[in-house]
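Structure provided below as structure tokens; questions to follow.
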Amino acid sequence: MSDTASNNGTAQRGGSRLGAATPWIVSIVILAIIPFVFTSNSAITIMNQMAITIVFALAYNMLLGQGGMLSFGHAVYMGVGGFMCVHIMNYVEDYSLPLPLPVLPLFGGLFGLGLATIVGSFSTRKAGTVFAMISLGVGELIAACSVIIVAFFGGEEGVSGDRTYGLPFFGIEFLHQIEVYYLIAFWLLLSALLMFLYSRTPIGRMANAVRDNPERAEFLGYSARWVRFFSFCASGFFAGIAGGLFAINYEILTEENLNLVQSGSILLITFLGGVGYFFGPIIGAVVFTLLQTVLSLETELWQLYVGALFVATVMYFPGGLAGILMMHMPAIRMGKAGLLVMPYIKTVLPAIIGTLGLAALIETIFHIRHAATGDEEMTLFWTTFNSHSVLPWLVMILVTVTGYWLTRRNLPELRRAWHEANTIDGSPS
Amino acid sequence: MRITTRIGVSSVLALAISAGAAFAENIKIAFIDPLSGPFASTGTNGLNQYEFAAQYLVNDKGGVLDGDMFEIVGFDNKISPKESLIQLQVAIDQGIRYIVQGNSSGVANALTEAIEKHNRRNPDSRVLFLNYSAVDPALTNDKCNFWHFRFDANADIKMDALTDVIAQSDDITKVYIIGQDYSFGKAVASAAVEMLGEKRPDIEIVGNELHPIGKVKDFTPYARKIVASEANAVITGNWGSDMLGLGKAVIENGYTGPIFNYYAGSDGITAAFGESGKGILMQVSEGKLNPPEEKALEYFTAFREKYPESDVSQPRITNVIEMLAKAIDQAGTADDVVAVANALEGMEHDSIWGGKVFIRPQDHQAIQDVHILAHTNEGVQIDLDNSEFGPVAVNTVEMAAMDSATTCKMKRP
Amino acid sequence: MSNATPALQIDDLRKSFGKAEIIRGVNLTIGRGERHAVIGPNGAGKSTLFNLITGRFPSSGGKVRLHGNDLTGLAPFQINRMGLSRSFQITNIFPNMSVFENVRCSLLWSRGYKYSFWHIVSKSRELTEAADAVLEQINLTERRDLPAGMLSYAEQRALEIGITMAGGADVIMLDEPTAGMSHSETDYIMDLIRQVTENKTLIMVEHDMGVVFGLADYISVLVYGEIIATGRPEEVRANPKVQEAYLGAALEAEH
Amino acid sequence: MDLVLVNLIDGLVTGLLLFMLSAGLTLIFSMMGVLNFAHASFYMLGAYFAYQISTYMGFWMGLLIAPIIVGIAGAGIERYGLRKVHQYGHVPELIFTFGLALLIEEVVQFIWGKSQMPYEPPEILQFTLFSISGNAIPAYKVFMIFVSIAIFLALLYVLTRTRVGMVIQAALSYPKTVEALGHNVPLVFMGVFGVGTALAGLAGVIAGPVLGTFPGMAFLLGSIVFVTIVIGGLGSLWGALVASLLIGWITTFAASYNVAMADVLIALGFEQPVDLSESAWRDLWSLTLPQIGPILPYLLMVLILVFRPYGLFGKRDV
């Protein structure tokens, strides 16, 4: 957080309104047409999951990125919001109340807000480790409650409802995933827009100020504690909305929605995407969901790769994926991004190939160790080969070593190009 | 990477191109269970058993219908209900019509509800849920539905069998019940109290408690209480590291009576108990591993040859595969799952592990022999964890709980 | 001292850290519109005095009144809302935010935005114009969109002063505004201070005697936690106690 | 009364084990400001290494060698990983250790598989040392107590009687000053990280045989170690000791006494609903102490942080 300057609040003097609205219009268009590109139900299910994670990650980044508060128990706000929504769903069904499904996430948000208000009242007094540890403790306590207080949380089986028993909303019954997708997409846009606008309000700006320098903020008339409290509540609200969306999509909430694993992964998702930029968590959520659902179909070792990815990201790109993208903005503005294309092809491509080679080696070792006796045949990257023969090994080792060697060799060239692309013409370098 | 890798590529394509081509010659069965994370060992082991059973019991014998083969497709649900629902959707999109799952009643509960809703909302792509291990009684009672079949004996049935055995042994006068604090642990405890009260009112229940699931680091305090209560039998539904931790602590602190359990076998647990658990651990389970039937021993030998590191820890898997094959043959189609389900209802089957399996039509619960299996190294031909230790049947209740009541009100399509 | 209630009145203010008594009963009255400099040797407790007045540290005894209102036990943000603003000896800005935003943040409370989440700051012409005006005043318009942390030292000090006075507080406290600056930079800052504190009460701690005598209407001399003299610059300069304790040495060093 | 004594001994074993982890962590945390989420992973590595070594050379060599390997691994990770991340600030550091914990668990699963390891106490210690009214106290537990106490004394000696210890103690309170005095703080950091992780490794070596050696063992212990040092107060070895014992005894006693919430509520004058299954508060009425035992430390931590943010023995804010 320290090095990724958050300039997103800078008002562009006289900046055209259209310019500011462009990303949103593009988002609307993309969200509207993407189900026609990926039409299968499973793709839509995965996109729903992504959208929910995006809302949650954006809400989490209101704390971490914008408020500088590290929470280890944020899943509980999403979870409690979701649980309440399922209960409401069941009430609506039992008593035939006229509550249309599309407004349900709002209730999730309100309950998330309610819980955040209670917890925030004592946890936001201090920032830093005190806050982090209280969030951990509270998160553990509520997660533990989920198996103890069965009446509300339903034990490990959770609580389930049925989204279709409510009243049809303009004739839509939400029987199919695609209907749910558009509902979730609507809420995703609405909450993302609200969260974006929130970061431009006085309290949103002061959240940044308190993150950077709480003491100075105090001498400007703002109580750091109240600023943190309001950020916390707002974050709880949007996390609750994510919970409501979860309830609609999956129609079930369980202990896993509250536990530490969930809280930890949202931290990783947000960080992977980049906490310094508003859109960072969006990238993080998309990438992580793909890794979790698609890569896990590819290999049992997916968590090994995800772990390695996180460690590598934090070591080399602490600004996250968004940080990597934004690093190129100066060069693009100066119209010199073209200088980087060739060096990138020369370094990144071999690096990717080398990494794939390494992954292939790991997979082959895993295969030899764990596959059935006699099952020496394995398929990787559309190629079937015998894992016990020497040739594939040689090929993989060769690919790995060559890939990394090429990367290493071409790295100085990339550095030079990078330097040149980021130097204003005419100025001494 | 076995099958996972092979199907992986196609699953990505399935995301890009609209799937729905169910014209493959193979009849695919989706195995949705944890293949990564803390419960992965049970999951991978189960996947091995399914793959082997499909190969050995069906494909090697010519397949079903006109030579269609079974293909097991593994889906990693990370033991998360949410992930299970996503993977279910992916499986359905790949044209898979048969779902097998077993680990965690929470996941089973999420799946059975999701499948019920899916089948109601999408009559064109209905699927069957063959639950081989989740034993929460509710799944074949209040929460039952037409699409769900359970091949394991549920917790109540096992307890019924167990209490039958306890009722006959006069040495047992004081029983201590301990379990994990969640639905299954509670179901075991309440069934034990109720059934012991009916069958042996003289037995004193000296302890009945729940501990947080997966959070206890050291079971010694619990063991102390058990020893101090002078119990001469312990009943527990614990599994995984909670089972090992509890069992080791209890034995270490000087307890010598039987520990009646549901899941103290395989996944390293048998090996880790080793000599210390001999004569103490008594598992109540279907599937008589030892002494083995001739067919069973052949099956096991072939299995070990292929998977030297794996166990036949869930014998019922062979029943799932064989009975599904039979049902498909009877129905004459693998695409019409209603017909297959109707064929499964009321089916009687001779298990390779001995005894019969009968699918009760009222609730789709498999009724079968339930055994009390002692952890020992004597007379073990089918061992677990390659430890030379394994379960040997000491008592058998035939067709356990055949006439037990069910609250299931099955709605048929 | 035209008004009846002084801008700031300090009665017998004390502060101890453990056994060490740093401020030992300071009495000081600063009238409205006055420019008051507090000087004294290193370790005399000048910064501590500032921190006590602004609520950064709790005092061990005594009272501080701002426009007649007791400040005891109030938090810095409450004191700030009553119309007192301060700068810091070590630059204390929001380094990751742009220069413009630094200034705008300092305007928010005084313009009544408080904890609002229904205003969009960039939509408020009033805010933008006011912040730009401040930037103009502190000569940082060129640097408007740079992260504050990337400014030069003198620019950061200017920004610090800009943030301090932007909120429109009528009592401004500056802690060594020219510390570590070159001569030309000092002159620039001095002009700036003179300009922005027009019609305001200014209290400052300063080492540079040029600045002190150039700016202050009144001077207090703090030595070992006590004020040994207060008065017009020429009176203080003439005071033998001051000369003995501090000023003489300092003046000598000047030349 | 006898049971109380037994529980005291059991709680002591748990507490001292926790202390070996928290001692290293509190040093690392307070010196470097790193919330090392991977600390318990080193504990797990200790157990696995020792198991592997014990299959070739027996338990005792494992006890000797495994912590050293873990310590070297820890120092290496500090040198080539953490130090690089250090410049970015504390949150990236934390994420780094978070990712590291994930990675270590995966690597362990990759190498040793996902099952429990049959890691056993040495034959020579597999007997009952003495019994208190039927409750056996295994010799191995007493051995664990002695090892832990020896480690505590050794740490105390190093920290208070040696030059290195003085530097470390000073660095705990005034990290900047120590650097200004010309001490090689990065080297001290690396050393402390190495020793801290070696201690965690040692805890794993001796705990593995009794608490089980399996891939989830780190996760099981992970957050409780943080709770311990936060309760004890940062940078305080004594605080870590007291908090560890406190948590050891709290969890042991909470697991041992079936205090039922129903009794408490009745004692407070509430009336038990006739039909519990219909009551919205049924879960509260059926609650017992052992059910909530393991979460009591978290409750304690939240209360302490709200009312005394510097912990029991700490001098500065967490």
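Which chain is which? They are A, B, C and D, in the order written, and residues in each are numbered from 1.
The rule we apply is simple: a residue touches a chain if its C-beta (ideal position, glycine included) is under 8 Å from a C-beta of that chain, and two chains touch if they have at least 3 such contacts.
Computed from a predicted structure; not experimentally measured.
Taken together, chain A and chain C share no touching chain. The chain pair sharing the most C-beta contacts is A-B. Using CA-based centroids throughout, the chain positioned farthest away from chain A is C. Between chain B and chain C the centroid-to-centroid distance comes to 75 Å (mean Cα coordinates, whole Å). In whole angstrom, the spacing between the mean C-alpha positions of chain A and chain D is 31.
Each chain gets a centre from the mean of its Cα atoms; for chain A and chain B, those two points are 36 Å apart.
Shared interface positions of chain B, defined as residues touching 2 or more other chains, are 40, 44, 181, 212, 215, 309.
Residue positions of chain D touching 2 or more other chains: 113, 291-292, 294-295.
Residue numbers of chain A whose C-beta contacts span two or more other chains: 2, 144, 148, 301, 303, 366, 370. All chain pairs that count as touching, in label order, are A-B, A-C, A-D, B-D.
Residues of chain A that touch chain B in their complex: 38-43, 45-46, 49, 144, 147-148, 155-158, 160, 162, 164, 175-177, 246, 250-252, 254-257, 292-294, 296-303, 363, 366-367, 370-375, 378-380, 382.
Note for the complex: chain A touches chain D at residues 1-3, 64, 70, 72, 122, 125-126, 128-130, 132-134, 136-138, 140-141, 144, 148-151, 260, 264, 267-268, 271, 275, 301, 303-304, 306-308, 310-311, 314-315, 318, 362, 366, 370. Residues of chain A touching chain C in their complex: 2, 4-7, 9-11, 13, 197-198, 200-206, 208-209, 212-213, 215-224, 226-227, 230, 234.
Of all the residues in chain D, the ones that touch chain B in their complex are 3, 6-7, 10, 13-14, 109, 113-118, 128, 131, 133-136, 138, 210-212, 214-217, 219-221, 224, 251-253, 255-256, 258, 288, 290-295. Across the interface of their complex, chain A is touched by residues 1-2, 4-9, 11-12, 14-20, 35-37, 40, 44, 48, 51-52, 75-76, 78, 80-83, 85-87, 89-90, 92-94, 104-106, 109-110, 113-114, 117, 121-122, 136, 181-183, 186, 212-213, 215, 305-309 of chain B.
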